[in-house]
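Below is one structure; the comments refer to it alone.
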Amino acid sequence: MITTLADLLPLLPLLIATATTIVAMTAIGIRRNYALTAGITIAGLLIASLVAASTMFTSNSQVTPLLIVDQYSLFFTVLTCVTAMLIAIFSFPYLANLDDSKEEYYLLLGIATIGAIVMVSSNHFVSTILGLETLSMSLYGMVAYPVHSKLADKFPLEASVKYLVLSAVASGILLFGMALIYAQTGTLEFSSIVNVTKETPGLGAGFSIVALIMVFIGIAFKLSLAPFHMWTPDVYEGSPLPATIYLATIGKSAMFVVLLRLIVTTEALSFDSIILAISLVAIVSILAGNLLALLQDSLKRILAYSSIAHMGYLLLALVASYYVQGTISVEAVTFYLFAYMVMSVGAFGVISIVSSSEKEFDDIDDYQGLFWRNPWLAAVFTGMLLSLAGIPLTVGFIGKFYLFFSGVEAGLWILLAVLIIGSGVGLYYYLRIVYRMLLSPKDGEGFNSGGSQHIGSHGVLAFLLALLLILGVYPTPLVSIIETISLNIL
Amino acid sequence: MILVWLISILFVGGIIAWLSERINPAYPRMIALITVVLDLLLMLSVLGSEPNAGGWIASVNAEWVPRFGISFYLAVDGLSVLLILLTGFLGVIAIGSAWDEIKERVGFFYFNLLWTLAGVLGVFTALDLFLFFFFWEVMLIPMYFIIAIWGHENKNYAAMKFFIFTQVTGMLMLVSILMLAYFHLVQIGNLSFNYHDLLRIEMGNQIEMWVMLGFFVAFTTKLPSVPFHSWLPDAHSQAPTAGSVILAGILLKTGAYGLIRFAVPLFPEASLSFAPIAMTLAAISILYCAKVAFAQTDIKRLIAYTSVSHMGFVTLGIYAWNEQALQGAVMTMLAHGLSAAALFMLAGGLQHRIHTREMPDMGGFWIKVPRMAVVALFFSVAALGMPGLGNFVGEFLALLGAFQANITITVISAFGLILASVYSLWVIQMIFHGEYTGKKIDDSHLTDLNGREMFYFGAMMVGLVWMGMYPQSFLNLSQPVLVELLNNTQSIFAAVVQN
Amino acid sequence: MLDLIWLLPSYPLLGFLALVLTGGRLPKKIVAIIGAGSVGLSFLTAAIIAAQFLAGSEDYFVKEVWAWMAVGGFTPGFSFYLDGLSLVMMLVITGVGFLIHLYATGYMADDPSFSRFFSYMNLFVAAMLMLVLGDNLVLLYLGWEGVGLCSYLLIGFWYTNPANGYAARKAFIVTRVGDTSMAIGLFLLFAQLGTLNIQDVLYAAEAEWEVGSGLAIAAALLLLGGAVGKSAQLPLQTWLPDAMAGPTPISALIHAATMVTAGVYLIARTHILFEIAPSVQLLVAWIGLITVLMAGFIALTQSDIKRILAFSTMSQIGYMFLALGVGAWSAAIFHLMTHAFFKALLFLASGTVILSVHHEQNIFKMGGLRKKLPVSFASFLIGSLALTAFPFTSGYFSKDEILLAALEMDGPGTILWVGGVLGAFLTGIYTFRLFFIVFFGENKGHVPENEVGGIHMNGPLFLLMILSLVGGFIAIPVDSVFSYGEVHEEHHVSTLIHGFMIAVPLIGIVISYLFFYAKIFSIEKLMSIPISQILHRFWFSGWGMDWLYDRLIVFPFLWLSKINKADLIDSFYAFIVKFARASNAMIVRTQTGYIRWYALSIAAGLVVLISIGVLL
Amino acid sequence: MESIPLEHGLILAAILFSVGLIGVLTRRNIVFVLMSLEIMLNASGLAFIVAASRWGHAEGQIMFLMILTLAAAEVAVGLGLIIQMFRRYKTVDINELSEMKG
Amino acid sequence: MIMLFYLAAAIAVIATIAVVLQTNIVHGLLYLILSLLAVAVIFYVLGAPFAAVLEAIVYAGAIMVLFLFVIMMLNLGQHTQNQERTWLTPRGWIVPSIMAAVLLGQLLNVISGIDYEIEPTQVGVMEISALLFGPYVLAVELASILLLAGLVAAYHLAKTK
């Protein structure tokens, strides 16, 4: 196979992202300038997302065996690039006062984005692994980024080591599973593991199941599904906030897209025991995530635990995809991921905007009376939290609606029951935060989120809130896009 | 289109009220009042229109999320109009009760108040089940804020409990709604959340029962009925007066409305076989909560439990499913809306004056606040079902109808009438009768009702007497709707009975 | 003029509204004019209407003022029904009511809540008129509950004393038990007969139900439940003595003359139902008889002047029930009327006594008041004679008719008669015990300076004295009402028996004389016998009924309320919360922070999932 | 050339993988942990080669190449972190890194 | 040839176990190199000479040397051996070993179920290169990006400020 220029056209967003990184690196090499580096990165990501968006409805091609550039992957490319751009905007004021070289951070962010784009376009084990590791590798760096700062705690280091070690274990499991699948099917592309070709005898269903489960576990770790979730709160807490956002949003969504493609293509769900395993993981995740968050005082940890539960919710739709006709459960996954990105970026964004690399305002006490001290931030935060809780008027509700719908269509009653219980528990800790913000302010240090540096961040929050509400009330545009692109998956 | 206006006026008014606080803290309440009065006038104008062939007085239907067959479909018939009017009326009253009481963060308060009302109006008018659910949930959030911000000592717990109860059971309802839509997809071939479409859906008995239960649980939690009632006493005792007024007067009614409009008509067969259980729950609610009410010392908790007890008559009436019983349920909803709201306002007024809700600390207040005492007496007596007042008409009709459906349960429920007198008179005794000592309270602000308050209470008294003496003006509105509902289910019932 | 029958309840209702809306700001004189005047106007109207009605030839007259509600087939209206029975009731209510109102303007003159008092009184009269004039059972129920409410309000009129409040609530709740039974009866009637219009119900019941059928018995029993509650008959009699906590005019109006006889009215009004259910009718008689005797024995032991009168009221209403039970409908109504006269007289007179001795109600702290309180003395004398059925007083005629009717009844009639006569004997004793102790002998406590009263207090007393004396000659026009099945033949009993009947109460009076006036027999000596002490205690406590009900119903209810104040069901949800917290505490401990532990969890998950995958 | 049973190759990989896992779970010295991770990754690579030899493909070897790459990168970053850790904590005890919990 | 496979396999397993059990870190590293070399032999036996060479050069050579560098830099020589001994309590081995044993048992259970013989065919550099610069050219590029990420991260983390 010869790779031609025409083949590269669909890869334009990926190329632009790569070019952005290289330009930024070159710029650093010439002269260190924080604003310039950040600017290049943001601009590059913006262009990449615009290009991806513009080609979204025209491209549909397999570029080499490694990457598939269809509407679905382009949708997530856009989502990834935009999110990365927003995170870059949040990062700018956050890192502005770091007493260390700050520019490399944007390199890592750019590279991570490349990895994520590769992942969402991947239908091949090689690209999956490469994308995943590129993403992870950059994240190790981003998580531990302020490690030299005198002001920073030891937490970034601890977080990074935890993430690296555990992630490597998971990678090992994932790779081993992939090897077994390869032994079974003889191809590294995602392909049905059920109908192994006649000429070469299969190695048995048990073999396939073990292989798939190992791959699933490798992915489940990245999605922080229970019982592979334990790193999540520690890593979230220890990371600088923009890195946390990255980890929580792009890290999750890219991985989930891979999982979705993999599960659908391999027809893994035709094994009952795989369904059982995934359902079990979903149930444990929903319950454990919500229960862990219940009385937590650190906002980052709350959101970390809740992300465990949210990924569990998503698994419900994934399981449902086996039972339902049509694309509804794929749409559910897609929409929910989208919603989850919006609200996670928003929620973490609020925390990020008041924090900086010197001091993170992470405790729930810090937000007491925010409603009266800073109504704007409080309103955004409330909106995001309510959306996470799945309350109407927000996009999170539509997402929940999708999940419920696919669950109902598939008849997954036990999972639905767990989903309801989990959401009920979830209400408690989301509202707990909201309630704290409603109380009268405490005396003592407040935080400063004003200043020209923060204009961009506030703009991002406004954008996210608008998205949250508009799509919460009138989701039709997004719904129809997702309906179209989901056809690509099946 | 008028329906869209009805709701959006409140939404917009809420926002304006919020913003206007910056100009002058006195503006929000005025803006809120103007908004609600305007809305009330609009509602009255709905009354003037002639119903169409289907009995719908006004409607609006637009596509919303075509992917799921969801439409923005609002419509009102006589039943909805009654409840809408109740909403408007109590909206005005609630603003009145908040007029002096709310001094902090005024703008945001009225914002929440108006948005709650808007959500409730949405619930009463939505005929697309998704839209219904949407409004069902929308009204909770501002209510949560009202309790959580302006509530009393234990507001966090109360607000949280309120929210989680209604939200979790709401999700059960969502599952049921989706089941319905799914069956529509399977049977008719497309997704639809339209009420009229879903009425035609046939399900197996087993499934219908489960789906019905989803609705039932959500509605009886809101209603509330034993065993889902325990959020109510906490919510009420902690909510500010206006919150209690809206909660008791209107929000509880959404549950009853849901039962009449959705739970039974959508699942006639399941409802028929479930009716004995529902009625038993109603009877338990009536008696059990009356008994618990009697034991309370916190006046608002007491009234809250009595609300549960009274709403038991509504459930009883609905599941008896005949004209008298249904009319009784509707009348009880309206009358209880007024009487419970008034009692909560009195309790709130007392708390505002003496900063306690503990009845053992009170006593002998008649001498200090005779007007308040008379008003309290009136509404207590109304609550215990005195003929000539609205509550009697409702409860009597409900029992009368229920008797034809299930004698044993009705007879047991009727004992609620006795217990109602036990607790109602006990309240009067504890607060207004006895020797006035004033030792346990700071009575420096214990003043009698002022003119504004008397105006509100007077209006509600007139309302109750009107309902009691000439209920026909209300019954006429709901009658065609209920008869239509009965006719629609009659044939199905007949078929079931034959088998 | 008959069309204006709706004016009857309207006057007092307007009076009530006027008094309530002005909220006690009016001067007492105007309050008195409004309060008593409205009832007076009602009486005038009633009199004119009565005259017209009697002059006409119609047996009944119906006037619908407006349709109350129309739900399905359920169409009660605000409509009034006038026939002989309601005519008598309406006249008694407005007439005696007016006199008592008049009396009360004097009696209550010093009370700060004068206006409130009259507003309640007016409301009561309005409600009572609704009760007796309503042409359907729902309207009757409205009046029924209305009078119950006013009774509550007036018993607890002096609200500062918690005991009064307790008595008021007891009265309301106990009668409410009966009311509920009655309400269920209404449901049953409607469910079976499809109407609640009284006349329609009666016709339909007669046509559709066989005599002695289960439905008829159930319906009659349920209505009887209402009647015994309101009329303080066994087993719901306990509230009446406590109800004496209210001002004395209330006792006269509500708890003697009018409201407590509503049960009698109800049974008489629906007499056909009871005739279809003979066993229930017999039960009515037995209830009446037992109440007569029980109340009589209790009255023997009481020391509170008003309580004695209360028990005598109970006992006299027992006679009315007895009459109803044996089918002597008109005798019952007749006794109702005469009882209204003489019992109102006795209560009002006792009011004067009480006021004169500065609110002392214990008869043993009075004594020798004959000289000081001549009007009261006269009133009491006449009232007591009428009460004991002294020949040719009003009570004589009515009680005589009742006992004769009982005697002539087949089956248990003789036993009923013997019981009734025994009751009359007791009446003689306790009535004159009171009379002698209060007005003769030495004063043992309060010596009044002079008798309270004026024309507005004494006037009603005189009028009632006359009525008590000659009331027995009034012929009540109820024949057409009870034309069905009424025992109409002349009484033919031997003179011996008749004479015996006359003599028995007189013997009672004589015994009373010997004990309490002449002191030939010593009450102390009698009381030294242990058995009589026990009996005294037992009777004094009202046969222990309060004690019994407290333990059977009140205490368990209070106990249940107390232990479940926090709502048992809520503890289930509290458990969920606790469970969630405990789970949280448990699961949080897994977040140890140790990398190796985390890795272990991954390995464990791997092992578990693979085991599931392989083994299943 | 004699044939080798496929299962034996895979079993060898599984054994190496398990031993590596034990190492990760037991060693407190973070360098050993990193080494154990390398064993696990290497075992996966071995599995790929074995699988590739079943098919006679070159793709399995390419995958091995990629594993090699990522192992190298991971070791580089990991060792960088170890250096930082040693600087701060003066120890290579992995249990020291447990300040965040709960 | 087949004997070579089993011999190398035995060496690999024993050496790997030795790594895990070793208290002296340098010895451990050497055992690891031994294990890697044994695996390289297996690669060769399985017909993947290119992979075998890479395993020896890159893995055993470059990466392990990196380890050695760090060990030397942190001066984790002889003296940490005692510390290691106290860290490695027998109890600490129980749970992981059981866990790994169960896992291995399950894997063996599944793997031993298959009955398939490998006929090792030599897949040399040619085929691999053709693939690498054909369809997998992007993988190469991406691998470079991956290494870039590792480079930047490692540079930033390991530098002394």
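Order as written gives the chain letters A, B, C, D and E; numbering starts at 1 within each chain.
FYI, a residue touches a chain if its C-beta (ideal position, glycine included) is under 8 Å from a C-beta of that chain, and two chains touch if they have at least 3 such contacts.
No experiment lies behind these values; they were computed from the predicted model shown.
Student: Please identify each chain that touches subunit C as well as subunit D.
Tutor: A, E
Student: Write down the chain pair with more C-beta contact pairs when C-E is set against B-C.
Tutor: Answer by contact count: B-C.
Student: Measuring from CA centroids, which chain ends up nearest the centre of the complete protein set?
Tutor: Answer for the innermost chain: B.
Student: So how far apart, in whole Å, are subunit A and subunit D when each is placed at the average of its C-alpha atoms?
Tutor: That gives a centre separation of 26 Å.
Student: Let me have the rounded angstrom distance from the C-alpha centre of subunit A over to the C-alpha centre of subunit E, please.
Tutor: Whole-Å distance between the two chain centres: 31.
Student: Using mean CA coordinates as chain centres, what's the subunit B-subunit D distance in Å?
Tutor: Result: the chain centres lie 64 Å from each other.
Student: Roughly how far is subunit A from subunit B, centre to centre by C-alpha average, rounded to an integer in Å?
Tutor: Their C-alpha centroids are separated by 42 Å.
Student: Where does subunit B touch two or more other chains at once, residue-wise?
Tutor: Residues: none.
Student: For subunit C, give me the residues that contact two or more of the other chains.
Tutor: Correct list: 588, 591, 593, 595, 599-600, 603-604, 606, 610, 614.
Student: Return the residues of subunit D touching two or more other chains; collapse runs of consecutive numbers into ranges.
Tutor: Where subunit D meets two or more other chains at a single residue, that happens at 6, 10, 17, 20-21, 24-26, 28, 33-34, 45, 50, 52, 54, 57, 59-60, 62, 66, 70, 73-74, 77, 81, 84, 94, 97-102.
Student: Between which chains is there touch?
Tutor: A-B, A-C, A-D, A-E, B-C, C-D, C-E, D-E
Student: Over in the complex, which subunit E residues touch subunit D? Could you list them?
Tutor: Per the stated touch rule, the residues are 1-2, 5-6, 9, 12-13, 16-17, 19-20, 22, 25, 28-29, 32, 35-36, 39, 42-43, 45-48, 50-51, 54-55, 58-59, 62-63, 66-67, 69-71, 73-74, 76, 80, 84, 87-88, 92-93, 95-97, 99-101, 103-104, 107-108, 111-112, 114-121, 123, 127-128, 130-132, 136, 139, 143, 146-147, 149-151, 153-158.
Student: Please name which positions on subunit A make contact with subunit E in the complex.
Tutor: Residues 1-3, 18, 21, 63-67, 100-101, 104, 107-108, 111-112, 114-115, 118, 126-127, 130-131, 133-134, 137-138, 140-141, 144-145, 147-148, 160, 201, 203-204, 206-207, 210.
Student: Could you pull out which subunit A residues touch subunit B in their complex?
Tutor: 372, 386, 389, 391-393, 397, 401, 404-405, 407-409, 416, 419-421, 423-424, 427-428, 431-432, 434-435, 438, 474-476, 479-480, 483
Student: Which of the residues in subunit A come into contact with subunit D in the complex?
Tutor: Subunit A residues touching subunit D: 125-126, 129-130, 133, 137, 140-141, 144, 147, 154-155, 157-162, 164-165, 168-169, 171-172, 175-176, 178-180, 182-183, 186-188, 200, 233-234, 237-238, 296, 301.
Student: Which residues of subunit E touch subunit C in their complex?
Tutor: Counting only subunit E, the residues touching subunit C are 95-96, 99-100, 102-103, 106-107, 109-110.
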